[in-house]
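In this document, chain identifiers A, B, C and D correspond to the written order of the chains, with residue numbering beginning at 1 in each.
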Amino acid sequence: MRNRGMKPWLIAMFLVLAMFAAACAEESTDGEDTGDDTGTEEEALPGEGMTACQVTDTGGIDDKSFNQTAYAGLEQAQEELGVEAKFLESSTPNDFEPNINAFIEQGCDIIITVGFLLGDATAAAAEANPDQKFAIVDVDFFDFEKGEDVVYDNAKELTFQTDQAAFLAGYVAAGMSETGKIGTYGGINIPPVSIFMNGWLAGANYWNETKGAAVEVLGWDGKDGLFTGDFEDQDKGRNTTESLLDEGADVILPVAGPVGLGSAAALQDAGEGSLVWVDTDGCVSVEEYCDLFLTSVMKNMNIAVYDAIASVVDGSFEGGLYSGTLENGGVGIAPFNEFDSQIDDTIKTEVEELQQKIISGEIVVADYL
Amino acid sequence: MKVELRGITKRFPGVIANRNVDLTLIEGEVHTLLGENGAGKSTLMNVLFGLYSATEGEILIDDSPVNFDGPNDAIAAGIGMVHQHFMLVPVFTVTENVMLGVEPTGPLGVLDRDQARKRLLDLSTKYGLEVDPDAYVEDLPVGVQQRVEILKALYRDADLLILDEPTAVLTPQETRDLFEVIKTLKASGRAIVFISHKLKEVLTISDRITVLRRGEVVGQTTPAESDEHALATMMVGREVSFEVEKTPAAPAKAMLEVNKLSVLDDRGQLAVSDVSLDVRAGEIVAIAGVQGNGQTELVEAITGMRKLAGGTVRLDGKDVTGQGPADMFHHGAAHVPEDRQKHGMVGAFPIKDNLVLNSYDEKPFASGIKVERAAVTENAQRLVKDFDIRTPSIDVHIGNLSGGNQQKAIVAREFSQAEVLLIAAQPTRGLDVGSIQYIHEQIVRKRDEGCAVLIVSSELDEVMSLGDRIAVMYRGQILDVVDRADATRDKIGLLMAGSRQKDATA
Amino acid sequence: MNDPQNPKAKEPPSTDVPVEEAVAERARAAGVATQGLDWRNVILVPTLALLAGLFVGALVMVFSDPDTLRSWASLGRNPGKALSDSWTLVYEAYSALFKGSLGSPRAISETIVSATPLIFAGLAVALAFKAGLFNIGAEGQLLVGAMTSVYAGFTFDFLPGPVHVTAALIAGFLGGALWGFIPGFLKARTGAHEVIVTIMLNYIGLLFVNFLLKSEIFIRSGRTDPITKPVAESAKLPPLLGAEYRVNAGFLVALAVAGAIWWLLFRSTVGFRFRTVGTNPNAALYAGMSVGGTYILAMVLSGGLAGLAGASQLLGVQYSVFPGFSSGYGFDAIALALLGRTHPGGVVMAALLFGVLRSGATGMQAATSIPVDIIVVIQALVIVFMAAPELVRQIFRIRADKQAEQDTLSASWAT
Amino acid sequence: MSTAAAGLPGGISQKRARVLGLVFIALSLGIFWWFALGSESGLSSTFKLSSGNEFVTVPDLSLPARSTALFLGTIAAFLGGLQIARGFGNKTYLVLGAVVLCFILAFLVWAARDRSLNMLGMLSSTLLRAVPLTLGALSGVLCERAGVINIAIEGMMLTAAFTGAIAASAIGNLWIGLLAGIASGALLGLLLAVLSIRYRVDQIIGGTVINIFALGLTSYLSARVFSSYQNLNSPGRFSVIEIPLLSKIPIIGPIFFSNNIFIYLMYALVAVIAFAMFRTRWGLRVRAVGEHPKAADTVGIKVLRVRYQNVVLGGMVAGLAGAYFTLGSVGRFDENMTAGRGFIALAAMIFGRWHPVGAFGAALLFGFADSLQNKLAILKVPIASEFLLMAPYLVTIFVVAGVVGRARPPAADGQPYTKE
């Protein structure tokens, strides 16, 4: 009896293990040629021996969007500069501070914290460790109590005027909408999210103003709107998107990292509508849904992050604000890819013109909210 | 059909329940297993029914050995058992209960209720076991539930029917009805095993009697060759006197006055209606009655464990209606509960804590919210000595003691605290004769100290030997209160069956 | 519970005596077994459970590491390599884990910081356990407690330091207590099963807090994302080793509270009542204890302790509440209560152990890139082994102890 | 309750009936106050009822907001009055449903005033939201009817979502993924069964452990595996199957018959389990085991085997529910993606009184609350979505507290069975 009782439990345990082992082992043969080629070139790269470390927000490193784009910058630096890239995932906001501290202990040359929510933790760490270099994505340090901007010499603030690019996308979407309704939703109502939605709304408004049309934006009114509450629950993204489709929106901008994949699934099943992806060109990061992407509002974090690392490598690092704009290529819209043929040339030209007008300051996004 | 048990021994970890038991059961015969609580009767029958497997020995049916791997095999071999605690699913109908396990089915395992219902009705008519096949079991009175149990066995074509203490829950009238059914079954060629410790019943119904003591067969006899006294001696193993030595009562003023008390049971039905009763200092009032006639609810209501639906309770002249157990305790009332494991003790606590279970927050055991551990220990040492509780230490968990010693511990706690009133419900249930005698002595001693004592018992013998006055409960009412001097077994028995005094004397 | 058909009701079984005699026999065999601390029960089983957990955790690590798997795949060619690779992987991971949690003053400080809210939360669950209640709602109680605490923390800033901290802690206690009161009250009055009610209240609490986070009262000025105003300086728990380390006075409060709970449970009449109600509510009723009242009090205290967990985290570490403030402390708490055998001392030890795992896991991931979630796996395994001591005994072939008392909590949902 | 009369069985339910009647009146007043007075007169609410794909296109339904609300409020008030005056006996719950429906409809009319609302879309999204809840609740029904409490539904779903995704991606076949998901659910079911039956671990603790274990393991493995092998997390999804003809029926078609395989499996399972549980030998025995295991044992039913079998079956159904997330809904696994729906499923099971059909109904109600909150944000209704999301949890508390009538679980639910 004694030993017989053990069996089902052990079998269960081992079956689980075996299953995963099988799944992983099988893939590991595929992955071999891509995974193992570091260190083949022996030529010394400038960043050899340095480490660049990324702390993610709660979305995970493989979110096809936010964290992943930033990490692409690290990987590029690893490849081109020879620095070692590392990352720590934060599963909850309570992990931010320990994760940053763990990297400080590890002696990282630069710590890149990705996300607005890491702002407080990064500011505290930057203040406490003046010798440690930081770069933070999406945060412009600001002291609300004193009402003044804050700058740390050891922290680079990488921000992006994504509303400029979203403005263009909103304009195109308004032009492409057949129902006269376009939609958007966000993960959490925080500035780096709502700035997309502002641009989207402003672009549609601009379309209405110049064309005398009445395209309605569902899910965002310039202050509040539709939010899923996190950057994780894709099923909720799907649900939200279905609601938008039901109410007639046919071009949708999800600003919620991987949650947007739920939108793609919803659209695919519904067989209607199109999406505008964010952060990176959707046709590159989520190829399988390329036929759904009208375009993407690109927030080139990878470039900014790479530049920050490069500046550490060549010693030119300095703290302060970097703002990605249409002008400096920090933001932009992706090619229309599979939709290219469906879009009127007039719209394409208008977008070109708009882009120039925004760069020149003739059009200010906020004016059209 | 002939069933033989040969050399059956059943061991549980650390204890032998049956030792080398031989038993032969033949058709057309009522074979009684007689023995004290714990003599191993039920265990033996559970072995025969396939619920336990015997450690040693074999079972033969019609001279060929069989091996039962579970009740299924026993049922298939034609053995049916009516358990002491009914094995019926309360939320199922009678039909569903009867067919459970041997369901007639159509394609895909779909139940054929009609077929089962028809067969059930046939059996019910044939043996005079009247039931409504579509009633839910939980709505049926116990007597009818027992009929369902018997039908369940018959439905499975049982040739051998084991009835485990079937009369414990029946009134004398219902018992007579049951005996009629048993006779019919016997006449139809079935073998019956009748388990009991009630000597009179045994002598009435049996064809053959086997007596078990401490797991062993100590004798076999027939009603013709034996009598109550001989059976009792065989059962206990020595001369027993059922008489409790006591002097005539010297009742003083009424300590407990219950007036027009009504109580609901757990299902919201009226379990006690309009009961009035008083118990005087220095006397023992015994409440007799078949269990389930509201005694439990009555005691729980008096001791404050159950809400009253109406009426008043006065203790030592004070109105204590609606007060909780703690208040009753403060007024000097003590209570030995009916179910000691459920209510009387916390099995996982050491003896010393159990001995202050209801006085833990009183001086000297507590000051403020601090427990005075020295006082608790001192109290335990004293009580263990005074009441002869056999335990290696006062730190042993009470759950590890034998039933008799557990009951002694509860008696010790309550008797040492009773000042005005002592209530003891089924004080000797499940105990061996030695413990029974000891507890009876203590009860009488308490009376002689001037305490008012209220006993509830479904054992007629106990009621007769302890009570100075005997109150009989039937269907939630007290039919009559009889002085011991005027009480006879017949009179009390008839009252227990619900006949009023005037009918009884007629 | 009064259903006569209920097999759990401890009516005298039909086979009364054999069982009783068996019990008596066992008592005799046990000799003078005491209620005191049986070392086998208190130390050995948890230790073995932990070892078993770490071992299975190691297996999971080995079988999910692509490189090690490859060497296992070529086991035939080079059997030694598979084993040595596995050993290296596990050794590196666990040594990074322990270095990350105990290897430096900062690491130790972080370990204590992680352990502090766990002590409170573990005590919360353990206390309820003792009264026979399974409080799965520590998570929600913690959040609500954090909310009330943060409110006190940024509102009563006119109070002097020590008073303000105390007030904020008490506010946290009260908030959690309020959230604990609801299931206690419902259980006492209607018999609603506390497991269901507390699970539901976790979600209600979370949603309610999310709502409050966006409200005018709580939201930090200038922010649109849900985050509360920070607590005032005077409400912060003072650091123990200077501002450089995060370890703060919350730890001392936790130890003191653990001591107080121990006294309450084992030396006071309140604890006697809790334990009686917890092991045999029928006997408690018979002995004149108010069972319902005890449920309410136990849940209020339990919720309060969970609230303190939130308050200590808030006032000592985070200083404001935001979504995701409580990251599964409530579930850890269940593990802690089991691992600590529902004894306050055990809970403190277990919380420190979990603190080691939690804070070390970050270092482990940074050094070996093994994801931190492995510690959740280990924790779950440890509870499995703790909850099924028989399993541990079978694996390690040790004798059962004689007077084990098994808490049984699962009764029907609606009784 | 000091007199015997008040305590009589009839008295209690009569009192409850009165209270319920008052609740109805209160709801009707709510309708008048918020929804009728809250709608400016002259506005109308438009409900879209067609997807344009049916035989006949149903025209949009346009209702005058205020008078519709007044009408619905009057019905609710009338029913409330009747309830107080004479009660509805065993039809009380139907009436309760009707009043709640009036309230919800009035609310929708108010919310959609001067706007349009795609009713069809909302109903079909309700059904979709209900899929994992229903399947999870069925898992609970299977286990608890046999007397084993299963609060590990959440963990089983999460694990199955993960295994389904990884197996379907690795092998490139969705059906294999589905089977793998079901198998992993069965495995965890077996684990729960072994813990609670063999080792007699408290069932709630056992379930909690499985939940923690599943969350930890899937998070760990997804972080470990998916970060380096992203192609292992792209299983694809089951596509929509339109049932010929049926899917073309107006209103009903697009809601019920134009969905993916999971919905149809859900219909089938609800029907099959309901039938099997109450009409077959298997069901009778399972229920006997859950109500009175000892009685079942004495008639030769293998109690432990039935429990093992049912818990494993329950695990499989929970596994199906989990696979829905990755293979039916989004086509990708993410940490903790079940997000507590296993617990709502548990609530649905209780709300549905341990009956498959009841559980389905409850799941629909919860799904409705879920899909409604998105609509409200789009319609810019000034009600915090948090409160809407709370509704299922609050309802569950009311149910277990017996406010809406006491649910009665299987008598032996949660109790280990030993044969001595």
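One rule holds in what follows: a contact is a pair of C-beta atoms (placed from the backbone, for glycine too) under 8 Å apart; a residue touches a chain by one contact, two chains touch by 3 or more.
Predicted model, so just to flag it, every value in this text is computed and none were measured.
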Task: Look at the interfaces A-C and B-C and say which one is made up of more C-beta pairs in contact.
output: B-C
Field: Most widely separated chain from chain C, with each centre as the mean of CA atoms
entry: B
Message: Averaging over Cα atoms per chain, report the distance between chain A and chain B in Å.
response: 74
- line: Chain-centre distance (mean CA atoms) for chain A and chain C, in whole Å, is 36
- prompt: Any idea how many Å lie between the Cα centroids of chain B and chain C?
  reply: 44
Between chain C and chain D, centroid-to-centroid distance (C-alpha), Å: 30
Field: Where chain C touches two or more other chains at once, by residue number
entry: 3, 5, 15, 19, 60, 64, 66, 210, 371, 373, 391
- prompt: So which bits of chain B are touching at least two other chains?
  reply: 12, 83, 88-90
- prompt: For chain D, which residues are shared contacts with two or more other chains?
  reply: 199, 217, 219, 221, 223, 225, 228, 291-292, 294-295, 411, 420
- line: So the touching chain pairs work out to A-C, A-D, B-C, B-D, C-D
- prompt: Inside the complex, what are the residues of chain D that reach chain A?
  reply: 48, 116-118, 120-122, 125, 128-129, 163, 166-167, 170, 180, 184, 187, 190-191, 194, 198-199, 217, 219, 221, 223, 225-234, 237, 239-240, 260, 325, 329-332, 334-337, 339, 370-371, 374-375, 377-378, 380
- line: The chain B residues in contact with chain C across the complex are 10, 12-15, 17, 37-40, 42-43, 46, 83-85, 88-90, 164, 266, 303-305, 324-329, 335, 337, 339, 341-350, 353, 357-358, 360-361, 366, 369-371, 373, 391-393, 395-397, 399-403, 405, 429-430
- request: Quick one: which bits of chain C touch chain D in the complex? Just the residue numbers, please.
  value: 3, 5-8, 13, 15, 19, 60, 64-66, 134, 136, 186, 189-193, 195-197, 199-201, 203-204, 207-208, 210-211, 214, 331, 334-335, 338, 370-371, 373-381, 383-384, 387-388, 390-391, 406-415
- line: So, in the complex, the side of chain D touching chain C is made of residues 149, 151, 195, 199-206, 208-213, 215-217, 219-221, 223-225, 228, 291-295, 340, 343, 346-347, 350, 384, 386-387, 389-390, 393-394, 396-397, 400-403, 406-417, 420
Message: Could you list, by residue number, the parts of chain C that touch chain B in their complex?
response: 2-3, 5, 9-12, 14-36, 267-273, 275-276, 279-280, 282-283, 285-290, 403, 405
